[in-house]
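Below is a structure I'd like to ask you about.
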Amino acid sequence: MRKGGDSLDISEMYTVRQCYRDKADRFVRLYGETNFAGGGSALDVPYVWKKYGAIPEELYPGLNYGEDNHVHGEVDDVLKSYVEAVAKKPTKKVSTAWKDGFDGVLDAYFGEVPETFEYKGKTYTPKSYAESLGINYDDYVAVTSFTHHPFYEEFILEVPDNWINAGYMNVPLDEMKQIVDNAINNGYTVAWAADVSEKGFKWYQGVALMPVWKDESTLEGSELARWVKLNKSDRESEKYKIDGPMEEIEVTQELRQQMFDSQETTDDHGMVIIGIAEDQNGNQYYKVKNSWTAKQVYDGYIYVSVPYFLAKTVDIMVHKDAVPKAIAKKFQK
Amino acid sequence: MRKGGDSLDISEMYTVRQCYRDKADRFVRLYGETNFAGGGSALDVPYVWKKYGAIPEELYPGLNYGEDNHVHGEVDDVLKSYVEAVAKKPTKKVSTAWKDGFDGVLDAYFGEVPETFEYKGKTYTPKSYAESLGINYDDYVAVTSFTHHPFYEEFILEVPDNWINAGYMNVPLDEMKQIVDNAINNGYTVAWAADVSEKGFKWYQGVALMPVWKDESTLEGSELARWVKLNKSDRESEKYKIDGPMEEIEVTQELRQQMFDSQETTDDHGMVIIGIAEDQNGNQYYKVKNSWTAKQVYDGYIYVSVPYFLAKTVDIMVHKDAVPKAIAKKFQK
Amino acid sequence: MRKGGDSLDISEMYTVRQCYRDKADRFVRLYGETNFAGGGSALDVPYVWKKYGAIPEELYPGLNYGEDNHVHGEVDDVLKSYVEAVAKKPTKKVSTAWKDGFDGVLDAYFGEVPETFEYKGKTYTPKSYAESLGINYDDYVAVTSFTHHPFYEEFILEVPDNWINAGYMNVPLDEMKQIVDNAINNGYTVAWAADVSEKGFKWYQGVALMPVWKDESTLEGSELARWVKLNKSDRESEKYKIDGPMEEIEVTQELRQQMFDSQETTDDHGMVIIGIAEDQNGNQYYKVKNSWTAKQVYDGYIYVSVPYFLAKTVDIMVHKDAVPKAIAKKFQK
Amino acid sequence: MRKGGDSLDISEMYTVRQCYRDKADRFVRLYGETNFAGGGSALDVPYVWKKYGAIPEELYPGLNYGEDNHVHGEVDDVLKSYVEAVAKKPTKKVSTAWKDGFDGVLDAYFGEVPETFEYKGKTYTPKSYAESLGINYDDYVAVTSFTHHPFYEEFILEVPDNWINAGYMNVPLDEMKQIVDNAINNGYTVAWAADVSEKGFKWYQGVALMPVWKDESTLEGSELARWVKLNKSDRESEKYKIDGPMEEIEVTQELRQQMFDSQETTDDHGMVIIGIAEDQNGNQYYKVKNSWTAKQVYDGYIYVSVPYFLAKTVDIMVHKDAVPKAIAKKFQK
Amino acid sequence: MRKGGDSLDISEMYTVRQCYRDKADRFVRLYGETNFAGGGSALDVPYVWKKYGAIPEELYPGLNYGEDNHVHGEVDDVLKSYVEAVAKKPTKKVSTAWKDGFDGVLDAYFGEVPETFEYKGKTYTPKSYAESLGINYDDYVAVTSFTHHPFYEEFILEVPDNWINAGYMNVPLDEMKQIVDNAINNGYTVAWAADVSEKGFKWYQGVALMPVWKDESTLEGSELARWVKLNKSDRESEKYKIDGPMEEIEVTQELRQQMFDSQETTDDHGMVIIGIAEDQNGNQYYKVKNSWTAKQVYDGYIYVSVPYFLAKTVDIMVHKDAVPKAIAKKFQK
Amino acid sequence: MRKGGDSLDISEMYTVRQCYRDKADRFVRLYGETNFAGGGSALDVPYVWKKYGAIPEELYPGLNYGEDNHVHGEVDDVLKSYVEAVAKKPTKKVSTAWKDGFDGVLDAYFGEVPETFEYKGKTYTPKSYAESLGINYDDYVAVTSFTHHPFYEEFILEVPDNWINAGYMNVPLDEMKQIVDNAINNGYTVAWAADVSEKGFKWYQGVALMPVWKDESTLEGSELARWVKLNKSDRESEKYKIDGPMEEIEVTQELRQQMFDSQETTDDHGMVIIGIAEDQNGNQYYKVKNSWTAKQVYDGYIYVSVPYFLAKTVDIMVHKDAVPKAIAKKFQK
């Protein structure tokens, strides 16, 4: 996002922490009959900004306990166990102390939230700081493309990370691509939630493709003899190898939907699309920034082919000005 | 509701069945990380009417297997086990057959849904029949009164039965009462979701009160001696006895909220408020129709005191014309 | 079997489906205190033929949902979850609807069973079609060889796949071999249930042996030095390598029994013995057809050494005429 | 049974112990995919006599640990936990020690089994003692009456207590009664397995009936007023009260089957029918001996009405000479 | 205890809180393979005084969340879930934050612990306050009487509440009684841990006896007829009724041990013996203060017979000066 | 230990067996709220010697069931399942038979314990044999070094294997090393319990180090390119390779504590330190005997570097005469 959090270096952990609070409240109210997990969507960011405000990263790194990284498994498990214990209502009623205790745990793992703080010579509360950023919650829209709901209406995307029950604009597949292209071409970045557990998502190699994979049933002669002798994992790695541009499958709206319905596509991970690139054959790629280790080929970026984007995008979030007028108009509401 | 389902004798089981289908779809899409249960809210009825239509009760009683009553536990458990097995994705992807199998189970327990049917000399589809009823989905609004969200805005009520993530109008407690009074006085009925597991909800006696219960710590002398000799269950039943009008507690917005937050108030059961009555002392009661056995004092009706209503109402659904103008105006949207 | 299902191309999935029905009935009647799983024995085929009939493969492929292969894990799990839910009897009694629901699920995954069908110009029911095949259920006998029951009597083989509690002829080990040899030499095929999870069962190499494996404790000098540096999986694959005829262990009745009792031998998989072959050293092998991928050395066949056969056969099923008279006579019954 | 165990005072616990051994063997062989429980059928007695022999009660009371009664829950649970641990095969194979350990546990709870013993001046092994009793295993037949299998054939009754997979003669309902009447009239007793958890089975009152229960929906006036004020358990006990002969329901083959299929009839308990009696109205009852406390009205006997017998009998076991010739003839085998 | 906490009104909740901390530490160190529960022994009090100090009750009531009583089930469950989540080590190592989070939860439920506080005009830390009380940890000894360890040695009593692995003096049964009598007669109170779930422990009646209960097998005639007609719970309450002094069983060392080994005696509850009394027949009772509701016959006290004391005492804690010299001498250490 | 069990060839399995008995007793007494597992500490040996005695290895190999090795998983699981079943107290009390049954299982897996035995011409009981060895239980002390308890006091080490709640001497890290060095230099061996699941514990290579591992974030150019292409397991094995002396990390008391608190150091395995050695660079190593396969580089020995020893020692047990006087003096008790 042009005015996005990254460049301003807003504390991510502050968002994470406040989402945990709201998830816990909702989990207990629903008697534990919903999910409670670390994940979230790009829309969590404006949600927290609006409701709780923001803090600069340097003032709230959210690493309070002498570790370089979050021991995420532990804090997730501890919080989940905590709310599950409350939601079981062992004494038939829920105490008024549980929320303070939950905050105590958040303080221990993320650090205490300051009521006010000094930043660049001014004093802020989280809310006043968020307001000072001049970002409007309603400026961001989430977009996706699925056929189990009508196009050009909003629907509540049924993925666990959409825990805030946010509405998503539903557009045909080609229009979802137009929105991204338009955004990038006009200097906006795009928050991108996609499946990253596909065979074709090669992080260390820096590319994500939807190749037509090698078909072993066409092997013959010495090639077959060699293949028969491979062990299972070698067969696998041979079959799913990428070492250069490959023919990719054609991704239609139907195929995309089928992969979503069968849950081959799952809601794995959030990244940011920051640019458009081309390979030697003129094929278009999206240049994507990912928070994983920078110790790979492109120092933390990956090039995503158009077929991969069309098939494996769960949803995108963009500034509403980045949506082409023609598309925006089709939404009445 | 003046134009409500009961008088028209619309099939309830058709609504139940179609909700099961949508719950199953949602459950599988969310990887099983949500609840799947028989319950629902009054808003399910217009939701199904709009999406799937309706069938007359006599054409779809929904009792397909030689029983007088639904063996609800079995069908609930069978359906839940089924979707849980699917959601575990034993083969890493979800088949395309599971929905047909789910429908097969629904057919077995509720009866097959006719594509078209004859009724009073006309041929209908469920959708065309629902349209013929002249009822508009958007005419019904759900209302509640809680302080953990701002008044005069809609919010998604956090109770498991609100599985469709419907929005509820949030109003101050006295205005919630005004809406009901206004509706009844203008000939509308009100769908009422309330906690029915309170000590003061005496179904067989036909009254629901919030009494100031007897305080055993004030007992002395022979009364105490008698009380000491009672066994636990007799002590309990003595303490919570109602045998006539009793002093009731005063229910404020705060008390209501606290009982909701501590989950003393839970989302138990849906009934219909059909009238207003008074006792010998001039206290107001709501006359409520309940689907439980009619073998009680008032042939299936119960009189609910105002304190009970204020404290234990989870939410109400009314025709939007039944909401006083002055209140309706406070909602921008 | 000379008149066997494969050559006639009888629908296997029809057998599978009907077994599921009977397994479900038995599972519920036994209050869930038995197993319910996809597996079965060769005897299931005549069992279903006799009880429910048969359908040609082309008319009942049993793949009803747009997949090339059965998503077996899902259908197994869904059916098991279903019957477990019923068997728990949540309402203290079992409904009459559950079987119809179960059939609905089977219809979804395997396709509906036609009451009658046209085949090569005639109309059949499954039962009349099975009768038209001229195969007699009682012509097939199951044979095994174990010492925890007396020889020359029938006993109910205690393996989960024998869910129909069929009786097996128990003969000494050499006579079990004679029966197979006699059958093959007289043009019968033999259904063979054997353990296929042994180190010596090399599917891709097309041989199954019981070798005397390499003993690393005899290594010395540079061989030992090399071996010490191997990682665990390389050590394993070195130890259990087959690359030509190897010395095999001698399999006695006692050893066979001990491997069965200790459950090193388990009831894994059904195949068909179709011939006898010899290697360069004159050792006898059984040529076995297996339904796994044909993308191995012998296009879907495997050569099984006599020691492997003697040790790892769980049971065989043959036409009774294929049993040598001298052996058959020892069974009174 | 005329020559039955009770009068000879044969050790019941010896039978129980030996059945546990065989159940354990079977449970482990089936990889734990079957039930393992204390229950059994009347056929267990001849099964053990034939396979392991018998011991007089006084020489093997089976109470080895200073208790007056078996702490059945503990021994059941300990044995079950033991075989479950073995069947999980933690080391991928089953040891040869587990059976000795299992016997060690049986020794501790039931006492060691003597290899030989002195009894009335003679030395016996359990097997020689059983032979000395002159009872022939094959003289006892089990009979039942259900329509989910054809009449006049044997089938394996699908109840958990039939863990030996014994065959039961299946006869029409009236013939099952004829067999019992014939047996009693000819001086045989009949082992009777029946559902004893019915409302009409009043052990302390000494009668078992199938009454047409009181219908509260017919109540009116003061009777209704009184009933409304009863608490739940009082309502229940009023509804299901027996205080003299009552009108009973008519039990047909269909009703019997339906109650079995829906598992309202369950396989609860084994008793012995020892006589026939009549009440003041000339209705027939079976006089039944039950092993429960004798501290009830008839010192340990209960009178079972014909409708109760017809509806709730799971199966009977009688000496084959007690079966009327005309019925026996209908069984070919 | 003469100098005991009660008279000084020391905060019990401070002890409870600090024990939770140490239990949590131990639980995590033992990888969760131990118990973690609210219970504790009388020895916890000196243990905490010595290690952490003490706070006056009025300064640390330990009720921090607007409730009159601790919602004990919730805080127990929340803390247990928390430490279990940590002990599972989801990330293979334990973070350094978990203890702070645990403290945060304790703060929420019990209130923050002041580092220093003002009391009666002086400033204390918890440790300096405890020291100011002039009580010595080593002055208190725990005593019990069991034969599975040698007398006159200390042993670690194997009950879950002894989580600090404290040593207990083991004396013959009569000497345990002498210690209590001696203590009471010299003005000491005795902390008493005993089984309170016995039929003979009648809290509301204010007595605890070990009666020879009514034997229904001796009933005859009309008494039997009456008894037969009682329902199960009435039979029970009749059998175990106390309405005056009753003959009690004789409690020997052996009987006591047997009831402990068979776990009829369990470690239920801590109380305080404050006096000795006699009934009309000259039988001795201990007067015991219990923290349960004072709304019973003796305003919160119960009279415990000598047989009850001998049979059901798990252990006692007394000031060491209260132990008779002759007994103390038998302990070398 | 100079007089240690190994050289005398005392039966280890006798110790294991007797510990199981005491663990079982303790587990049941604590209502199953503790751990029950095969593991133990070096202190178990003197514990059993003192309480139950000892038997020569050749007379009690403890392998009773025709296997060359203990099928440890099975016996562990069987025993654990057994005591868990007892501890659940299905009948509300624990029988007196359970211990005999438990012994019966131990007999089956380990062999019966002789009451007396002949050895080298003399007759012994286990206790008299243990006494004849002239070893004094109190001569052995356990030592460790942790800062969560004060130095120079004994504390109960909080590791599951310390199930006997033994006290450990706590000394500063350098003194723990002095104790070992002093012991070895004076001809004593040292029982060593250490973490053996570290990357630096290379059993087959015969060394245990705490290396400063390769840091991939410093890779550049072709080294990086090569590393990027490795698969995950190759990256791992490259990173943690040892092929000669390597720089090791400096182990301080703080680092040691931190690794223990975070449970990177766990209580894995007991070995024996038998000597001191030096590498080519003059670095000191401990020569350690381990019971694992001798098929490695040093025939069953491993050389442990000083940093490894300091970091990963959980505790040691030595003869008390092996503790330097100066250190011993600091313990009052």
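Chains here go by letter, A, B, C, D, E and F, matching the order in which they are written, and residues are numbered from 1 within each.
The definition used in the following text is that a residue touches a chain if its C-beta (ideal position, glycine included) is under 8 Å from a C-beta of that chain, and two chains touch if they have at least 3 such contacts.
Keep in mind it's a predicted model, so treat the numbers as computed, not measured.
Visitor: Chains touching chain E and chain F alike, please list them.
Guide: Under the touch definition, chain E and chain F have A, D as mutual neighbours.
Visitor: Out of curiosity, which chains are bumping into both chain B and chain E?
Guide: Under the touch definition, chain B and chain E have A, D as mutual neighbours.
Visitor: With centres defined as the mean of C-alpha atoms, identify the chain lying farthest from chain A.
Guide: D
Visitor: Which of these, B-C, E-F or B-E, makes the same contacts as D-E in over half of the contact pairs?
Guide: When the contact pairs of D-E are compared with those in B-C, E-F or B-E, B-E matches.
Visitor: Just how far, in Å, is the C-alpha centre of chain D from the one of chain B?
Guide: 47
Visitor: Taking each chain's centre as the mean position of its Cα atoms, how many Å separate chain A from chain B?
Guide: Using C-alpha averages as centres, the distance is 37 Å.
Visitor: In whole angstrom, how far does the Cα centroid of chain A sit from the Cα centroid of chain D?
Guide: Roughly 62 Å, centre to centre.
Visitor: For chain F, what residues touch not just one other chain but two or more?
Guide: Expected reply: 89, 93-96.
Visitor: Which of the chains are touching one another, listed as pairs?
Guide: Final set of chain pairs in contact is A-B, A-C, A-E, A-F, B-C, B-D, B-E, C-D, C-F, D-E, D-F, E-F.
Visitor: Quick one: in the complex, what on chain B touches chain E?
Guide: 216-217, 219, 224, 228-229, 231
Visitor: Residue numbers of chain C touching chain B in their complex, please.
Guide: So the residues of chain C touching chain B come out as 64-67, 71-78, 80-82, 84-86, 88-91, 93-105, 107-109.
Visitor: Quick one: which bits of chain C touch chain A in the complex? Just the residue numbers, please.
Guide: My answer: residues 204-205, 237, 295-297.
Visitor: Okay, in this complex, where on chain A does chain B touch?
Guide: Listed in rising order, the residues of chain A that touch chain B are 25-26, 29-31, 33-35, 37, 89, 92-96, 148, 156, 158-160, 165, 261-264, 266.
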